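As written, the chain order gives the labels A, B, C and D, with residue 1 at the start of each chain.
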Amino acid sequence: MIKEECGIFGIYSKNNKENSEPVYDVYNALLTLQHRGQVSAGIAVSKDGEVTDYCAGGLVSEVFPKSRLEDLASIKSPDMILGHVNNNTNFDGVHSQPLAMRYLKGSLTIASNGSLVNSYELKELLEKDGAIFQTDMDAEIIAYLIATKRIESSSVEEAIKKIMPLLQGSFSFVVMTPHKMIGVRDPLGMRPLSIGKVGDSYMISSESSTFDIIGGEFIRDVKPGEIFSIRPDNTESLVAMKSDKTAFCAFEYIYFSGQDSVLNGLSVHKFRYTAGQKLYEQSPIDADIVFGVPDSGIDAALGFSSVSGIPFELGFIKNKYIGRTLQDDELLLTQKAVKIKLCILKSVFKDKRVVLVDDSIVKGVTIKQLVELIKKAGAKEIHVRITSPPFKFPCYYGTDLGDPANFLYSKIGGDIKTVAKNIGADSVEYLSIETLKSISEKASVNICSACFDGNYPTKLPFKTEPDKYSVKLS
Amino acid sequence: MIKEECGIFGIYSKNNKENSEPVYDVYNALLTLQHRGQVSAGIAVSKDGEVTDYCAGGLVSEVFPKSRLEDLASIKSPDMILGHVNNNTNFDGVHSQPLAMRYLKGSLTIASNGSLVNSYELKELLEKDGAIFQTDMDAEIIAYLIATKRIESSSVEEAIKKIMPLLQGSFSFVVMTPHKMIGVRDPLGMRPLSIGKVGDSYMISSESSTFDIIGGEFIRDVKPGEIFSIRPDNTESLVAMKSDKTAFCAFEYIYFSGQDSVLNGLSVHKFRYTAGQKLYEQSPIDADIVFGVPDSGIDAALGFSSVSGIPFELGFIKNKYIGRTLQDDELLLTQKAVKIKLCILKSVFKDKRVVLVDDSIVKGVTIKQLVELIKKAGAKEIHVRITSPPFKFPCYYGTDLGDPANFLYSKIGGDIKTVAKNIGADSVEYLSIETLKSISEKASVNICSACFDGNYPTKLPFKTEPDKYSVKLS
Amino acid sequence: MIKEECGIFGIYSKNNKENSEPVYDVYNALLTLQHRGQVSAGIAVSKDGEVTDYCAGGLVSEVFPKSRLEDLASIKSPDMILGHVNNNTNFDGVHSQPLAMRYLKGSLTIASNGSLVNSYELKELLEKDGAIFQTDMDAEIIAYLIATKRIESSSVEEAIKKIMPLLQGSFSFVVMTPHKMIGVRDPLGMRPLSIGKVGDSYMISSESSTFDIIGGEFIRDVKPGEIFSIRPDNTESLVAMKSDKTAFCAFEYIYFSGQDSVLNGLSVHKFRYTAGQKLYEQSPIDADIVFGVPDSGIDAALGFSSVSGIPFELGFIKNKYIGRTLQDDELLLTQKAVKIKLCILKSVFKDKRVVLVDDSIVKGVTIKQLVELIKKAGAKEIHVRITSPPFKFPCYYGTDLGDPANFLYSKIGGDIKTVAKNIGADSVEYLSIETLKSISEKASVNICSACFDGNYPTKLPFKTEPDKYSVKLS
Amino acid sequence: MIKEECGIFGIYSKNNKENSEPVYDVYNALLTLQHRGQVSAGIAVSKDGEVTDYCAGGLVSEVFPKSRLEDLASIKSPDMILGHVNNNTNFDGVHSQPLAMRYLKGSLTIASNGSLVNSYELKELLEKDGAIFQTDMDAEIIAYLIATKRIESSSVEEAIKKIMPLLQGSFSFVVMTPHKMIGVRDPLGMRPLSIGKVGDSYMISSESSTFDIIGGEFIRDVKPGEIFSIRPDNTESLVAMKSDKTAFCAFEYIYFSGQDSVLNGLSVHKFRYTAGQKLYEQSPIDADIVFGVPDSGIDAALGFSSVSGIPFELGFIKNKYIGRTLQDDELLLTQKAVKIKLCILKSVFKDKRVVLVDDSIVKGVTIKQLVELIKKAGAKEIHVRITSPPFKFPCYYGTDLGDPANFLYSKIGGDIKTVAKNIGADSVEYLSIETLKSISEKASVNICSACFDGNYPTKLPFKTEPDKYSVKLS
């Protein structure tokens, strides 16, 4: 099953008694990570081994109105706090995280990001020993494995080390035990996880931008295969599992992550800006204006403008007030919907040769609408530039692209002229896989390009969910 | 105030395709059981082994507005449905039931009533094998044990039979597996569980009144220690565990259950009516009017009237519209609150010698307020009659009476004259334990009178929750 | 089903600075009046001429959660507070009361009960001078008329006196101006309005029971045609309009008002109890048990029992937890709905000759269901006794009985044997109009029996709403 | 009293039966106008003279969830629909618009934008004839005046013409009567109002961008002093009142209106872009990057970049998910709040000379925070450029700038060097009033610059609210 992205933020505030209400920092961090998951949100506060956990469906601001934040803030000087935003479509409380539980050694709280490809095999394995599963989240499997291995281990870190070879796929997770907060990243480093510090408090987060928000600073990424453990007196880094390769999701740079985050040493903004530059260099073109589809296309359009000398313009304005009701169903794929979401500045396009920069084309529905709107606004030529290679293969690591049979590029023959014709543009260019890799070279890890070239860094899921698992838990 | 028990209602509707929307029956049954739990509610629908479960904090009518019922009803011709009302104070979705999960053999859904005295020992036992607990409900422990024993058993019924010797305390529960609905009652029969039938559909319920509501009929009680299994083609009764004694909670008759239910062959109304008669016979008195504190005192007042010839009157009217907001905290113990909840008919009491019948006295706060109100209304004499013996010992089986140190009777010396003086009445009489037992003789089981005489039918909890369990899961 | 009336409660708390938070008293009073209107509720707090008003659709407990009450209570030492519960079917805030506005002399707040028969004529009259109407409530018309006449009057009381001849129909209303609270009752005294006192604070209320709740006492009724004005230093009674007849709504005694209220010197409980006695005397019968349909039938059943010697029993138990969702539509007229609302004590009816006392029969749907339920429970005979005469004519004064064409009695020929047959009973008796009047003789006013005998005390509405008024304001 | 902006959108859909659900168009138009008012929203649907109106506090998407839109859409083929977004701080339903009422000629619905300076005089005038006011909105006053004058007028247009000399201040409003939709703009043209057409349906809107959204086209502005009337068969333009001057609010261009709107023939984007260009020409400077504060500063930064050759950059990213809870109070003026709302791209600023373009400075709190953030990000120099002149005078026409005593520019002496020092910038430049006027010359009306130079185009309010008006209606 393909799951979408999530965001994690944890702070170990035990030593920093000056910041008496770190729960507000976690709230602000989750607002900053909201783009990684809008379906549910949760915050778990740990003090003296006692965990108070609140999770529910909705945006961070909906799940945590003032009164609820005040409730959590009434737990004075907490030892640590863990927050999560989720994109899982089972949007009620049970399927949201952090997942708090108790086990052999007391409380255990977990928040995870990514997707295991062998989740069903792991469940079967555990069930043969009597396990019961109350959710369909990977986090529950990981917690179970930790609990099972903890028996024969001298520490929770050792238990985590023992389970890592069992976990196939992408996973970054943070665990809170009564006295420790532990961040773990899979050996391939497929999903981001960063370490920061504010005052004396360590933080672990899916994105470094959260550290800025709180007034703290970025320390370093959790390394692929690393177990980073924060305790009252010290921190410890444990190389849990070595891999001779790394495979960081390219889409974190292209689309998922915030422009203001730095992942594996490479700024998201820088990546996109450079992608825009490379798109011009890869296929120079003469035009009057260049603009980007908000938000992720704008950095790239600026880069495109900087090397081409073609003036950057704002062509679309994003409506900030669109509710989620209509947007989510009927209107979603209609031109009207695109219009409402992106108000067009008609005067800007009149008689112009236009370069339109966007991050990706999946089914091509939105780009078609945009091109048509620009044409109606009087543009003479429209050249579409995409800051990613064409999608050809499904992702099994947490990016939900829908059915590969609907990928526009493959569907209409893998020819960019046909793509251009199909979407109504005068030309289309994708970023080549090579260019994508060259830009990513500045990162400390290699990228995963499986959805573009089919080179999957792990074995694939060989077993899908059997009938007996069809429990809709909610 | 005495906290109430939980309520369970299940229907095996697979064979009764005429009733295409049994979820509305379950909804109506839960409304009828609402007095057993007002904190949370849930309904789980099972079809072809797939379970759709919705639980949340709130009254049945709040948790299941029309739109949600329609959602559940859109699952056409379900095999079985299980509903639950809960009085657990952790009122969010996670701590409500039914608890749906998957295990070795597919889906497993459970709803329970009662209280295990050895829950912590059982948790420790399971944790030593790697178990994790996401809630603090007995239902989760029972599910775990079933899953663990299922491995070495040829059927789920056999697994349940194996775990029953492990469970100490009161427990009635209903389990749904992909093809069966199974009702289980503890060997002492401490909590009620009844079997009913509507058309071709079997039902299992905490109270028989639900069968009437739905237009069905009562078949029999699940017997103490019985596993009653409903399958597509037949039902099976398995004597899982024999006990030489039974100990049905007396308070089910005195206070918990609905007047229109028949438990163990004895009608709740009949019990209360007889208790009122016995109270007069036990201590005859001359008075002008007799009335009962709504709701449980009214049946008894009618009985008192029937043997004494003293006219029954309505003295108090219950306000149906009291919100739960204020009632639950500030106002609860004030005279104003009592007044708002029970409007007094002042004219009725003027210059009268009054017999006031109530079900029990715990701390004595409410009865004091009532006596004072009646005095203010001009009553000449007030004689309080209680349809239960005085509380002297704590209950470990699901009845939350608060701290025994606050029990009025013991606190002020165990003398009914002192009690009368304390609450401002001219006399007070409790039902004697002997009379209680004699009335209960008409039931097919013996009653548990532990809270009155300290004769606990099971061993007591020897271990309370250790520190490491202090996870507030929500 | 008979729709209920509105309820008003006002307190002039300026002089009683000890009670610093009278808004809680108003809340409690509105809870007590909730049976008079469940559609919307509102509270207006006046201090130094400034009015803070909150009204919305919903029950009192829904419209005023703790946080909102605290907001209103933050207005310290208010001069006066006016509350209202409404049964108007436009249930949003705009159509709820109190209606606060400003006019020539500052703030003007009004809450009313009743129904004007000439509302459209009055609107037309006002519109010819340029009036605009934002709601369809009589309260707005009355406020307009007061504002118009105030110009040429030396006081608001004088203005009210001037408009009273213009108002045709039933009306009780309370007005707050910056320095006064004024209670007004129509010359026929069709709706109730009482004066009470708590400490130094006067109160005006639709029902006297509210005074008890608050710990105050009943002073007297506002007299028909009286303007009762409360000011900082004194109160004033002004006979605004004399009428040679009075016509208090009989249904206030029979059904609307709380049993614990005393209206026009006659207790509602006493009225109903006597009606039960008279029903027996009017037509003696031999039977085994008598019981009443909750709530209004119970007092009468007790009365019936007292003279007949037939034992009173509880036969039905009202479910307190029914939500309003289903009840209000699909289920309303089905036997299932009746069953859910009124759980039957089957054992009570077995082989018995039963007298069933209810307050009224409109369309006969509910009584049919009840009779059938009792039969199914094994009753040998069922004798229905109704504490009101049969409905024959529509009410224009605020009691919504639905289309007279559907009144059971008239529809099937005005013969009680046919009625009995139709509803499945062995006999039916209605209270005669004469008996109704004789019971009411103990009240200080005559009763209106128009719905029974067609003797309307006012001229009838000769004009219904023209097309142009079809504004659904919400 | 100073009120904030509002947005109006009306469609006369009677002739366009193809568009059977125009209510969705109105919804989308209101989403597009949401920046003009986020406090409440409303939609009134008129069919055959019957008006269904729903207004409530909240964003458009909150007030109109899917179910409510469906309710309104169930009114098939409506004649006309009027929508409104409001920034009035009394955020409950009563103080939202459209305001629907009935008067002499049937239904009357009004939605307005702007602020009358003589509202209290008008109220007093009306009250002397017996008027009552249920809200404090100008729309109610205007409706009253129309109703009053309609008596002596042959048409509603004539009545509107008669009241226009009475209305002092800024006002654009749209009125629906049973058969007409009428748009009115004040003689000075202070607030915008445009006419559009989609299919055969005329539209009237505060901003032309809404016409694009719906797939229609802009026709022309309603002219200052014009009454534009749409009827089943034709439209009519009536010059209601001639003024020898016009005074369009400059802040509509600078800040209020959407970039994609064209007001009085001048595009908002073009205005801002030119303002950016002029700011450079007015005071050339050498720098490394220029960027704008989202959203209104971005167009201007692009203009600044286009003439200066200084590269445009994105420096801040607006967080789309900020809830309104915290933002609105505690956090609002803190650096943390600014940080959360505008995530900074730190890498962009490192060692750079930065030009920061914003639309205005009121108290200077936000700009101080931004400058500090940029400094912390390592900028060498920061030059602030403001696309408006400094505020010196209060606005009485609908722009709420707060207390003029707090205007930074005046407060610290009216010297831009002092301003720069105060906010921590290396330099500050405001747009001069002359430049502002020269840019606005391309519009068909003159601008109002009263808040900059004190030249008020109308007389000022000479009377503020007397004590007696202090009714908080809600």
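Keep this in mind: contacts are C-beta pairs under 8 Å (C-beta built on N, C-alpha and C of every residue); 3 or more make two chains touch, one makes a residue touch a chain.
In this text, all values refer to a predicted model and were calculated from it rather than measured experimentally.
Engineer: Just how many steps, at minimum, does a route from chain A to chain D need if it may pass only between touching chains?
Structural biologist: Minimum step count, chain A to chain D: 1.
Engineer: So which chain is farthest from chain C, going by the mean of the CA atoms in each chain?
Structural biologist: The chain lying farthest from chain C is A.
Engineer: Roughly how far is chain C from chain D, going centre to centre by Cα mean, in whole Å?
Structural biologist: That pair's centroid distance is 47 Å.
Engineer: So the centre of each chain is just the mean of its C-alpha atoms; given that, what is the distance between chain A and chain C in Å?
Structural biologist: Centres of chain A and chain C (C-alpha means) sit 60 Å apart.
Engineer: In whole angstrom, how far does the Cα centroid of chain B sit from the Cα centroid of chain C?
Structural biologist: Chain centroid spacing, chain B to chain C, equals 37 Å.
Engineer: Among the residues of chain A, which ones contact at least 2 other chains?
Structural biologist: Not one residue in chain A touches at least two other chains.
Engineer: Judged by the touch rule stated earlier, which pairs of chains are there in contact?
Structural biologist: A-B, A-D, B-C, C-D
Engineer: For chain C, which residues count as touching chain D in their complex?
Structural biologist: 48-54, 92-94, 99-108, 123, 127-134, 140, 143-144, 147-151, 178, 467-474
Engineer: Considering the complex alone, what residue numbers of chain C touch chain B?
Structural biologist: Residues in contact with chain B: 27-28, 31-32, 34-35, 38, 59-62, 64-66, 69, 209, 212-213, 215, 258-260, 262, 267, 269-270, 295, 298-299, 302, 305-306, 311-314, 317-326, 336, 339-340, 343-348.
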